[in-house]
Amino acid sequence: MKPHFVPAELAEFRSIIRLPVQWGDQDAFGHVNNVVYFRWFESSRIAYFEQSGINKPMETAGLGPILASIKCNYRQQIVYPDVVLIGAKITGFRNSSLTMVHMLYSERLARIAADSDSVIVAFDYQANISRRIPDPARSVIDAFEAQR
Amino acid sequence: MKPHFVPAELAEFRSIIRLPVQWGDQDAFGHVNNVVYFRWFESSRIAYFEQSGINKPMETAGLGPILASIKCNYRQQIVYPDVVLIGAKITGFRNSSLTMVHMLYSERLARIAADSDSVIVAFDYQANISRRIPDPARSVIDAFEAQR
Amino acid sequence: MKPHFVPAELAEFRSIIRLPVQWGDQDAFGHVNNVVYFRWFESSRIAYFEQSGINKPMETAGLGPILASIKCNYRQQIVYPDVVLIGAKITGFRNSSLTMVHMLYSERLARIAADSDSVIVAFDYQANISRRIPDPARSVIDAFEAQR
Amino acid sequence: MKPHFVPAELAEFRSIIRLPVQWGDQDAFGHVNNVVYFRWFESSRIAYFEQSGINKPMETAGLGPILASIKCNYRQQIVYPDVVLIGAKITGFRNSSLTMVHMLYSERLARIAADSDSVIVAFDYQANISRRIPDPARSVIDAFEAQR
């Protein structure tokens, strides 16, 4: 879902999704379980891929994205009820991988509650190896990120 | 989140929540996993309790709700991206339990994708036994359901 | 994983799996969340299909199983740490569907903590309709269940 | 659950748990979803805390652990059916935090499928601030790790 407003903390993010916290996202500590943040980042990552238009040049090259690593820094505890905004941004390319950053904003807390760094590899699922990210995919992202 | 519109199929439901399908809700069959529906019903159940005002008379009586049974009838497969509306309604009281019905509507399919019956017991977590649902709790629900 | 021992309560079940409760299966009430039981039943259902040999005659007929409905009766609260045994049994056939029953046993409580009824349909994913369960699939199940 | 054997890759880990992959851990790509690894690391982290004996000196000091950050490096795709072994090890202490490393071994692949770095903070849930990890807690860990 699209955010109704974009807080200053997410101003640099072209792709932002808005998700409600579900009661069942909480664990026995009574706050949102650490694992749930990664589900939210995944949703943000996929929304970014769709919105940016990178899926088409990747598929044309016979490639799909595969998550190589992801890290979350937990800054604030989140509790139900709340609504979170998650921004995604590609911050760099290497030969066969790209780096994606997320910021997760809590509407209830009115501040960033977590952030994330990740590395995503261009993967040839047929040959089962990583490949160079094709130039058209890089151009699509450059254009998308330049719009903000 | 509140629904933007209420389809005719949910017209009889006073409490309706709206949740986005997440990509990760899908399983290896490429559709939303059967387990996820129960997370959605749980979110609907909790929203109903909050919106109806039943929590206060239950807590006053030292009681909390506990799920005794729940059933889901799957009518349509759901795939990402989609947004679902889930309605909740209390359809009857017995001595120490109540029956709740859910209807789950897919915005993409524009139809009911699943429904659910459940039984919820008034539970004394201190004494670890079920208790009669107090009259004030029944009155609150009668008034809430009458509003539609 | 295979059970180390079979309690009397599961003596009638030919297919039993053994799963550890994970800490994160618990919710803010401090017990295993109601949704997790359905993940366990799913694992039991899939183990049954594999162990019974029904997958092959179904695939030969171009059919796959699809869950039409499932119900859980919660009898006991489960908390971490614990290990559960889940039995699955096919209790009847109709034209295009079968009924499966589960019993879920808690090793810590040394008793049944939940049970489940479900209906599974033989589905032609190509034609997107249900089909009669082929006779070889029925025979395989009859033979499998007769072994206990 | 305890592992039946300890592969050489986990020889340096005093705390190892063994968990079955569930079919429903897989996503629409047909492999175990990236989020599930963090649930496994959580289970390993909690088992380590229990097995090492660190919980008692922490509780005595009025402290509980809180996850500050965690990273996963995905090395191999995991598919059902499989069983994974997850080792946990504390690799260092700072004033109010400790670092924990995990290695995740796939029995099917007979190799490490993922590893993880994390930072855990000693948290005073009453005062809502982090505190120095008490010396008895450090001694307990030093003794536990020295046993391998």
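Chains: A, B, C and D, in written order; residue numbering restarts at 1 for each.
Here is the rule we go by: a contact is a pair of C-beta atoms (placed from the backbone, for glycine too) under 8 Å apart; a residue touches a chain by one contact, two chains touch by 3 or more.
If you're wondering where the values come from, they're calculated on a predicted model, not measured in any experiment.
Undergrad: Would you mind telling me which chain pair, A-D or A-C, is linked by more contacting C-beta pairs?
TA: Counting C-beta pairs in contact, A-D comes out ahead.
Undergrad: Quick one: which chain's Cα centre is the longest way from chain C's?
TA: Ranked by distance of C-alpha centres from chain C, the top chain is A.
Undergrad: Scan B-C, C-D or A-C for the interface that duplicates B-D, counting it as a duplicate when over half of the contact pairs agree by residue number.
TA: Most of the B-D contacts reappear at A-C.
Undergrad: What is the distance in Å between the mean C-alpha positions of chain A and chain B?
TA: Averaging C-alpha atoms per chain gives centres 30 Å apart.
Undergrad: Measuring centre to centre with CA averages, how many angstrom lie between chain A and chain D?
TA: Here chain A and chain D have centroids separated by 25 Å.
Undergrad: Can you check how far apart chain A and chain C are, centre to centre, with Cα atoms defining each centre and the answer in Å?
TA: Centres of chain A and chain C (C-alpha means) sit 36 Å apart.
Undergrad: What are the residues of chain C that contact at least two other chains?
TA: Those would be 23-24, 33, 35, 39, 42.
Undergrad: Please name which positions on chain C make contact with chain B in the complex.
TA: Listed in rising order, the residues are 33-35, 38-39, 42, 66-74.
Undergrad: Would you pull the chain B residues touching chain D in the complex into a rising list?
TA: 23-24, 26-28, 30, 33, 35, 80
Undergrad: Quick one: in the complex, what on chain B touches chain A?
TA: 1, 17, 19-20, 22-24, 39, 42-43, 46, 83
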